[in-house]
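One chain, subunit A, links the two complexes that follow: it is found with subunit B in the first and with subunit C in the second.
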Partner chain A sequence: MVFQQIIAGIITGSLYAIVALGLVVAYKVTGVMNFAYGYMGMISAYIFFTCFSTIGMNYILSFFIAVAFGSFVGYAVERGLLRPVRNISPASMVIITLGLLLVLEGTALQIWGNNYQQIPNLLNGLPFILRFSGSIIVIPQQNLLILGLVAGVIVALILYLNLTFQGKAMRAVAQSEEIAKLMGINSSLMMSISWIISGSVGALAAILVAPQTFVYPDMMLSLQIMGFTAAVLGGFESIPGSIIGGISIGIIENLVGTYISTNLKTTFSLAIIVAILIVKPEGLLGSTKARRV
Partner chain B sequence: MATDHILEVENLTVKYGPIEAVRGTSFFVSTQEVVSILGANGAGKSSTLKALAGLISHEGRFTFLSKDISKMEPYKIPYLGLTLCPERRGIFPDLSVEDNLLLGAYTIRKNRNLIKQNIEKVYGLFERLGERKKQLAGTLSGGEQQMLAIGRALMGEPKLLMLDEPSLGLSPKLVDFIFDALKTINKSGTAILLVEQNAMIAMEISNRIYVMQNGKFAISGNAKDVDFQTLKMKYLGV
Partner chain C sequence: MKKYLWFIPFVLVPLPFLGYPFLLSIFVLIGIYTIAAIGMDVLTTWAGQISIGNAAFFAVGAYTSAILVVNFHVPFLIAFLISGLFAMIIGIVVGLPALRVSGFYLAVVTMAFGIAVQQIIGVFQITGGYNGIRNIPVPSFWIFKASNPVYQYYVVLTIIFLIFIVLSRISFSKSGLALFAMRDSEVAARAFGVNLLKYKLAAFAASAALTGLAGSLYASAIGFISPSQFDLTLSLDLLAMVIVGGAGSVMGVMIGAAFFVGLPFLLSGYNISITIIQGVALIAILLFLPKGLLQIFKITDLFKKKVI
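Moving on to the complex of A and B:
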């Protein structure tokens, strides 16, 4: 029972982790905390729904179209909306992203209406059953797919940022845009790339969670809140921190839901996280140095 | 214009709001030369370098290797061979020493062999960087950070290296070491444009100097011909 809940927690947590990851990548490079993040992903889930269910395209093709659309949304938001006002205060920037959230929600409502739309799992085969010291653990195939894709994205991103010249240049821009320019790094291009990555990761998260939440304008609300919490728990500047933060929250939430109260699981988990942050305000893997706020 | 001028600056003006930090200065740097811009704090020296690197808005015209770069985007300038080594803290603290150096070679990133050679050259010049290549740059001492900033600026093989206050906050012994390294760099063919408050040490390695006061050049000439005591009393406020 406990193991079953921990495994379920890791799966939910892996979704929190990639949402946190997408938020942190954009934040580190451009300094913008994107409160519209989940809603940008929601649009891609609708694109998937339209391609797959309305037009009747192939599942994989619809998937790629929706993720590509997500990267385009990321690019367009940074280039068109945020870059022209780069020099305003971070607080105003947050308000702009909140405004964008409302615009995206309204747009989705206008185009697709308020109905809950269903999209199916990609993998519907028999679940995997593990027998483990007397207990039985059931893992649906779709959940293994989620875990595999999330792990793949995380590994690819870490390799890109640490091993490629462009990834290092992106980290340089995150540390100082001005000094990066002195090296010949096109900081504006790096900012675009960070939002393209962030946008496609957000779209991926939305498409993966959609079979459980259904597709509707506020489908990403809870995932976005938990993703933010995971990022904060991890220190908001650290990629490993986001992953650990996301998975811890997923596990805590599932255990609280099973052993304490299903209704209180979000409240309880957030209370535990507040308690952790009181003890360690910089987050699990955050640095104590002055940060860019 | 003489053909051996690699950098030619005409009427450079930098304004911060209504305040003019640099007021219509003109100067040049020739190939193989070491030129210093001296002056007290706030005289407009650093603003001059930042304007040349394209980091702050400015008026005036400057050409590098006969190419007008006054309106060029800042990230394109190092590709021409004009590199600014920023003030001491201008390294990437959360990246390793080696990654800092690699980023200095961003302009030649396609040429892996050349990068390898240049890294070895930098480690030859500053042995302590070689000993600490895996360490995060933010954990280095002040002197080592300055060495790293200079080493990183050399990675892209600049034709003219601009340095902003390389002696800032360093012990006299380290200052000597850094300036010896600058001499070596210059001997191997790189021209240097130096901005310094420490006029004495700068004059030792310079061919020519410009002394800046309130955004303008008060004197200029060969380093040998300028009397250091007069300079100190009249212009540097020390």
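Moving on to the complex of A and C:
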């Protein structure tokens, strides 16, 4: 029973982790806390729905079209909307992304209406059943697919950032844009790439979660909130931190939902997270920065 | 006397619309949101603390007042004051983490608080669960019953005026200067002997109290409350009202609230999604009027010689 809940928690948590990852990548390079992130993914889920259900394309093909669209949305938002106002105050930046959220929500309503649309699972085979010292663990195939894709994205991203020259350049821009520029790094290209990565990751998360939540304009709201919390729990600046944060929130949420209270699941999980933040204000893997006074 | 003059248009505004109770009730709503947004303004612009959970204080005020008036038949004025007080106590509790965490971390802590309060309200019996509380009586003060929206408007306007007087006195006092110093640099403020614990908690307490009072008025003016009215969007809207209208000024906040509450009603007749227009307007205002809509009224400033 406990193991079953922990496995389920890891699966939900991996979705939180990937949303947190997308937020952190964009935040580290451009310094924008993107409140419209989930809604950018939501548009991609609708694109997937249109390609797959309305036009009748292949599942894999529509998947790639939707992710590509997500990366395009990420690029367009950064280049067209946020780049011109880079030096605005943080509170104003929050409000600009809130405006973007409203525009995306309204666009989805206008084009696709307010109905709940369904996306089928890719893998609908028999679930895997593990027998484990007397207890039984059931894992649906779709969940294994989610876990595999999320793990693949995380590994690919970490390899990209650590092994390639471009990844190194991106980390340099994240550390100090001015010095990176002085070293001859095209920082505006790096910013675009970070948002392309962020946008496609968001689209992926939305498509993976869509079979469970259905597709509707607010489908990503709770995932986005939990993604933020995961990112903050992990330290907001650290990619491993956001993954650990996401998975631990998933597990906490599932255990609280089973053993303490189903109705107050979110409340108790958030209380635990706030308690962790009070003890360790810079997050699990964040570092305290020395600042000039 | 001169600094109160800008209030006169707001006193005169409802007079041409006496025959349209619906319009007047929108004005009342604008006034109520103004009070809540002033609470947000005190927290963000004065004390420099970010919060995206202020909807929770609004909910606490609304529910406290509604439960007291409906279930215990407490007179409205007393319920109104108690709801402000209760929200203030909760605000102090929420302010405690602000001593340890700041920036985005504080934003997430307050967001967590807002979501938790919304969920808690939905679970308990006394708050009516997800169905909420219906038939909340209109505000009444002893024999005077503010059933007509005009009366409600002037009640709300009077409260805003009182808040304005108190705030403008505080902003020139030692406490106000201490708050501004804390916003600009916590380290420098502490070096000059500002007690950060005291002023951070005071900022949260004042913000929560104002928002709670607004919530109490909201419950009575609307007559129906349910958890879905106090979601994350409301918290973000309150922040947006401050930024869009003009941070740090009661008049600016009022314009922001009017923009946010009034726009959906103006556009409700057309066949286009209101959220698109609202979003585009938000972005456009921040791009072209970075100091908020209040800048339009200070157009003469553009021609003045810059001192700094």
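Here is the rule we use: the second predicted complex is superposed on the first by the 289 of 293 C-alpha atoms of A that agree within 3 Å, B and C clash if a C-alpha of one lies under 4 Å from a C-alpha of the other, contacts with A are read in each partner's own complex, and residues count from 1 in each chain.
Everything that follows uses one rule, which is that a contact is a pair of C-beta atoms (placed from the backbone, for glycine too) under 8 Å apart; a residue touches a chain by one contact, two chains touch by 3 or more.
The structure displayed is predicted, hence computed values, not measured ones.
When subunit B and subunit C are set side by side, the one touching more residues of subunit A is C.
In the superposition on chain A, contact of A:G9 is made with neither subunit B nor subunit C. Contacts of A:T267 after superposition: subunit C is touched, whereas subunit B is not reached. In the superposition on chain A, A:K181 contacts subunit B only, with no contact to subunit C. Residue contacts after overlaying the shared chain place A:A172 against subunit B, while subunit C stays out of touching range. Shared contact residues of subunit A, touching subunit B in one structure and subunit C in the other, are absent. Remark: subunit A residues 165, 168-169, 171-172, 175-176, 178-187 touch subunit B in the complex.
Listing the residues of subunit C that touch subunit A in their complex gives 44, 50, 52, 97, 100-105, 107-109, 111-113, 115-116, 119-120, 122-123, 185, 187-188, 232, 236, 239-240, 243-244, 247, 272-283, 286-287, 290. Against subunit C, the residues of subunit A that register as touching in their complex are 33, 35, 81, 84-85, 88, 90-92, 94-96, 98-107, 109-110, 221, 225, 228-229, 232, 236, 263-264, 266-267, 270-271, 273-274, 277-278, 281-283, 293. Residue ranges of subunit B in contact with subunit A, taken from their complex: 53-55, 74-79, 83-84, 86, 90-95, 99, 102-104, 106-107, 109, 152, 156.
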